[in-house]
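The structure follows.
The chains carry the letters A, B and C, assigned in the order they are written, with residues numbered from 1 in each.
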Amino acid sequence: MFRITKKESFTKAEAIIYRLFGFSVGIIFSGIIIAALGYPVFKTFISLAEGSFGSSIAIRNTISFLIPLSVTALGLSIAFKMRYWNIGGEGQILMGATAAMGVSMVLPSGMPGPLMMLSMLVAGFIGGSIWALIPGFFRINMKTNETLFTLMMNYLAICFVQYLYFELWRDPAKKGFPGIQDIPFRARIPYVSGISLAILAPLIIVLVVYFLIKKTKLGYEIRVVGESEPTAHYAGMNVKKIMFVGVMLSGGIVGVAGAVKLMGSTGTLSSSLGGGAGFTAIVIAWLANLSAPMIVLVSFLIAALEQGAQFIQVRMGVPAAVADIVKGLILMSVLGSEFMLRYKILFGVHTASKKLEERASVDPTMQDSDPESEVVEDSI
Amino acid sequence: MESIVRNDLHPAFSMRGITKMFGTVLANDSVDFEVLPGEIHALLGENGSGKSTLMNVLSGIYRPDDGQIEVYGELKEFRSPGDAIDSGIGMIHQHYKLAEAMTATENIVAGMKKPPKNSGKKDDVLRTDILRYASRSPAKTQQKIIEFSSRFGIEFDPSIPAGQLSVSQKQSVEIIKVLLRGASILILDEPTAVLTPQEAKKLFSVLRKMAAQGCAIVFISHKLNEIMALCDRVTVLRKGQSIETCTVSEIDAYDLVEKMVGRKINLSINKPDPDPERRVCLDVKGLTYSDSKSVPKLDNLSFTTYYGEILGVAGLAGGGQKELCESIAGIIRPQQGDILVDNERIAGLSPRDITQKGVAMCFIPEDRLGMGLVASMGIEENILLKEYALTKGPLIRMKDATTKAEQIINELEIKTPGLKHPVRMLSGGNIQKVILGREIHLNPKLMIAAYAVRGLDIHSSYTIYNLLNEQKQKNVSVLYIGEDLDVLIDLCDRIMVLCQGKNMGIVDASSTTKEEIGQMMSGTTLEELKRGVSYV
Amino acid sequence: MKRVMSMIVAVLMMAGIFAIAGCGDAKDAKKDEVLKVGVLYISPEDDGGYSQAHAEGIAKALATYGDKIEIKKLESVDDADVEATNAAIENLVNDGCKLIFTTSYGYMDPTVAAAAKYPEVYFSHCSGYKYSGNGYEGKNMDAYFGQIETARYLSGIVAGMMTETDQLGYVAAFPIPEVIRGINAYTLGARSVNPDVVVKVSWTNTWFDPAVEQASAEALLADGCDVMAQHQDSPSAIEAAESAGALAIGYDLTYTGAPNAYLTAPLWDWGTYYTYKIGQVLDGKWEVENYWGGMKEGVAKLDALSSLVSEEAKAAVEAARAEVTEKGNAFVFAGPIYDQNGELKVAEGESIPYGDQMGMNWFVDGVIGQIPS
């Protein structure tokens, strides 16, 4: 018998050691697999790093992965703060991009570029937030399960974009091939010395989200609602309204991620535009413990890993599946270390005291409270 | 009736030199504790004094770092709670662990083990019988259980689902369950916390009968009057050490408190006189509320409170206290009735509307961390909870909150490592002070405090009582929902008794008795009492 | 506090990685001697279908040139995900590839963009219509594809001869000209020997999803079809036919997993093209072209007919083979051809011009199915 308990807190040293340990375990395990398949281990890891940071192309690629991941994760984190499980990032990215695409098609072509871009970003925000508010409405008013609902909305969005791609918005200039026209050149986010200005999106949005959550009344309300709805009611908050606005912001920012991807990278819309960022961003948001600055940092590491894993296929001839395993193992180990950092697995009965031991050693206030009053909660 | 005492030369159990460390905290420091067969022995101590640790060691949940346990003269080493049960040690926890959908009988039988052959324990035959009948003849099983229970004067219907039993009946089921597992040493963790005075009295007689039949009983409590009334001896723990074991008849309550707290404490609450003007503050008229499952919670409830007085509310758990508080505070909407503060209608308004109408009111909910505070936030952000909405603009003003938080920490002597330290990591007393401090700072006309001292130690409780009295002296009207009738009588000016959402009557604290309140709690109205009718 | 410390951890990790990466840089000094050839696949190299056919062609070229070339590949790159495609091409360039084959239609626009960005690298894109001089200004991008319709036409003859219900099933990926051409060629082939035949089409809207492909095939079989054909990257339709006791025509590769169903398949043999194109670059004689080889060049061929194929069917195939091989698609799409509405689209003596074949968006008479407009 063993049970899992949440640790009350951990020291800085612990956090560093656990994370380094997790990272190393991931490296070691994937090293074993690489070796077992007959590839040179050391060289493979060097290419992994080289592929992520080793050259200007590598860094550019890493950044282009980083942008949608971080913006999406920032958007999702607002919903997660409210304990609203927005799993619909992928669909919100797509609908944000769809709205931006639609606007670019109806706007007069003579419109100045920056104005056009701004309208597309606003459209992206609206598209994403509407898509998020559909399940949000049902969750807020009828207490439906938003996890399933938002998840399903992803597939609906994919089908909708496929419909646009193959039928409604099919571009006749493509000689019978399906596909949607490219957005006007003036609506594309420009590059400055090789770096897309789209990088401004996460940099601005991280400040906005950080400020929103930490400094505004709305952010404060969002945090209180997430912690406990009864408390929010008690404090006189309009929980429904707060959730509505929170979900709208969350979906909107994710929608902006879609619009930015459309304008900064793909230039056209397809059902693959999300590229799985809506799902990866969930992991990022949690790895970053929903802290906005950390989200950008974690996105950077994940993007680097993603890019590096592709590069080892090229450089070392490692099959895609193996590169995925390496990526997965490193990610798993880091996630595992987070788990080990925040939770404690207890074997047997008497070791229950260990948990309290830890709490007591890190928490000076334990002295005047009752150390034995809390008995371990979850049993497996 | 034959005695189940096996060896009168030995204590039922004796713990010697028990030491248990949690990290740097010494929860038990070489504690000695010994209980004789046939004895009711109180274990007294404040929160954190090591009572629960010691009992968890005895019941096999923790293993001690040092020390010995002997049971009936035999040295034992418990590796698990099962070992302790096999040695005849049974614990009745504060929170009952019954399957609500199963009948009392099923709850009792489930998990019962067949006694080992020739174990020599007295009730082996009975236990074997019960187990044998359990699957075939519920009626016979029930019969056996009723027979067994009646030995101790315990009465309940073993055929009805546990969920339909009253709190005290559930407790009886737990006791029978433990006894039928062969326990002759019984540990009861604050067993009277959830009972009416009448039920508590009944429990005492049951415990006395059990002791008379040779059971050793450990009675954990911090209600001194109960210890004085029930127990033979008392062992006082303080800061992890056993301070003294004394015979109850040779000591008085004041000495006990002194031993427990380590210094003299004035146990009487200094009750200032209420404001003689008797200006009405809160006026509740015909309040009726049913919850979302249409269960009536408040039934045509009417009463008034006055400025400069404390109106106590007594009643059994679930008697409508929570709904009353939440209706007044605007958290739930009563279906009928009216609520006026200073002749201003607030029924149906949201908490924020009420504040914006200028009706200064504060509510200290019973669920501190789940409702009154945001558990993971620090004190300053919790101070913001009530005020952030009052400032202009879209931003929160942290500076004001910080100043106020520092002020409250100083005034109420809150112990915390910092303003941002999550409140859930504070001790219960400090958590309550944070809420009280915040609410007092709103300068309310009306203050509602629900179970304000629940889970607090004596010292913290008295601090809270004093704070409430200070409010009363500032002419605030205080509505105090309480559990401990002694405290209600000592603290409040008048006491309203609720039973199933109805007002049973309001009595004057200076002239009422616990018995009177207890009868009203069980459904007799004050008028009926005056006419000499009683249903209890 | 926690945040600060986590950042320190992350920075430490990255510093470590950079340090390792730094000492790795100097190594590949002698790499310039060999030609690095990059290949982008839409599915795994061993998908038993489209990508495997390309991979086998690359392997043939590698066998021809040995140490002179080195293959750099990226598998499972979603061709509808522009960003992923861009990144993949960038990675190939970053590793020093001087010739890059992008093997799926959806890679077209990213390939154009990359060609413009890296004029010193040669690009060849498969199955699209943009190349140097046609939708792209630079001088370094090729287009290539093959007249697989010739082999489709012959496989249609086999199916037309073998069917008993006169209903053929066709599991098709997307309603795009490449697929529509194949269906039309197949239908024309079948009706050349059996005018009563109809071809029922089921769209899957995916190149590779065995479960969906199988479900579509099963629906067609249940609807009365007794010979299946497919334009997909997995052999699921053949397997569905095998389970249902029906017959099947494969695609891309010989399939040995269904001995009681497999008749033959239109096959790609990309080795011919890859050997030819890599040779051009090795010799320094790169030429922009829109390569469209057929059976004559050996890029398209019909698999050996299995033992299930009747003697009459074999004879019918042989009767047509020589002319199809010689004339290619001009023979397959020679008039008179009527569309689904019975309108004459191609008159006697004419044939569909190349451009119209590339943009084909209508079905010939005998196809039951719709092209979403």
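Basically, a contact is a pair of C-beta atoms (placed from the backbone, for glycine too) under 8 Å apart; a residue touches a chain by one contact, two chains touch by 3 or more.
None of the values given here were measured: they were computed from a predicted structure.
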Request  = Note the connected groups of chains, using the touch definition above, after excluding chain C.
outcome  = one piece
Query = Taking every chain's C-alpha mean, which one sits closest to the mean of all protein C-alpha atoms?
reply = A
Request  = Would you kindly say which chain has the C-alpha centre located farthest from the C-alpha centre of chain C?
outcome  = B
Query = Any idea how many Å lie between the Cα centroids of chain A and chain B?
reply = 45
Remark   = Chain centres from averaged Cα atoms put chain A and chain C apart, in whole Å, by 35
Ask   = Hey, how far is the Cα centre of chain B from the one of chain C, in Å?
value = 76
Key: chain B contact footprint on chain A (complex, rising order)   = 8-9, 215-220, 223-224, 227-228, 230-231, 233-238, 349-350, 352-353, 356-361, 363-373, 375
Residues of chain C that touch chain A when the two form their complex = 1-3, 5-10, 12-14, 17-18, 20-21, 23-25, 38, 44-45, 71-76, 78, 80-84, 86-88, 90-95, 105-106, 109, 128-129, 174-177, 180, 205, 358-361, 372-373
Residues of chain B that touch chain A when the two form their complex = 20-25, 27, 47-48, 50, 52-53, 56, 60-63, 79-81, 329-331, 350-355, 363, 365, 367, 370-377, 381, 384-386, 388-389, 394-396, 398, 415-417, 421, 425-428, 430
Ask   = Contact residues on chain A for chain C in the complex?
value = 12, 15-16, 19-20, 23, 43, 45-47, 49-55, 57-58, 60-61, 64-65, 68, 162, 166-167, 175-178, 182, 261, 265-268, 270-273, 275, 289, 291, 293-294, 297-298, 301, 304, 307, 310-311, 313-315, 317, 319-321
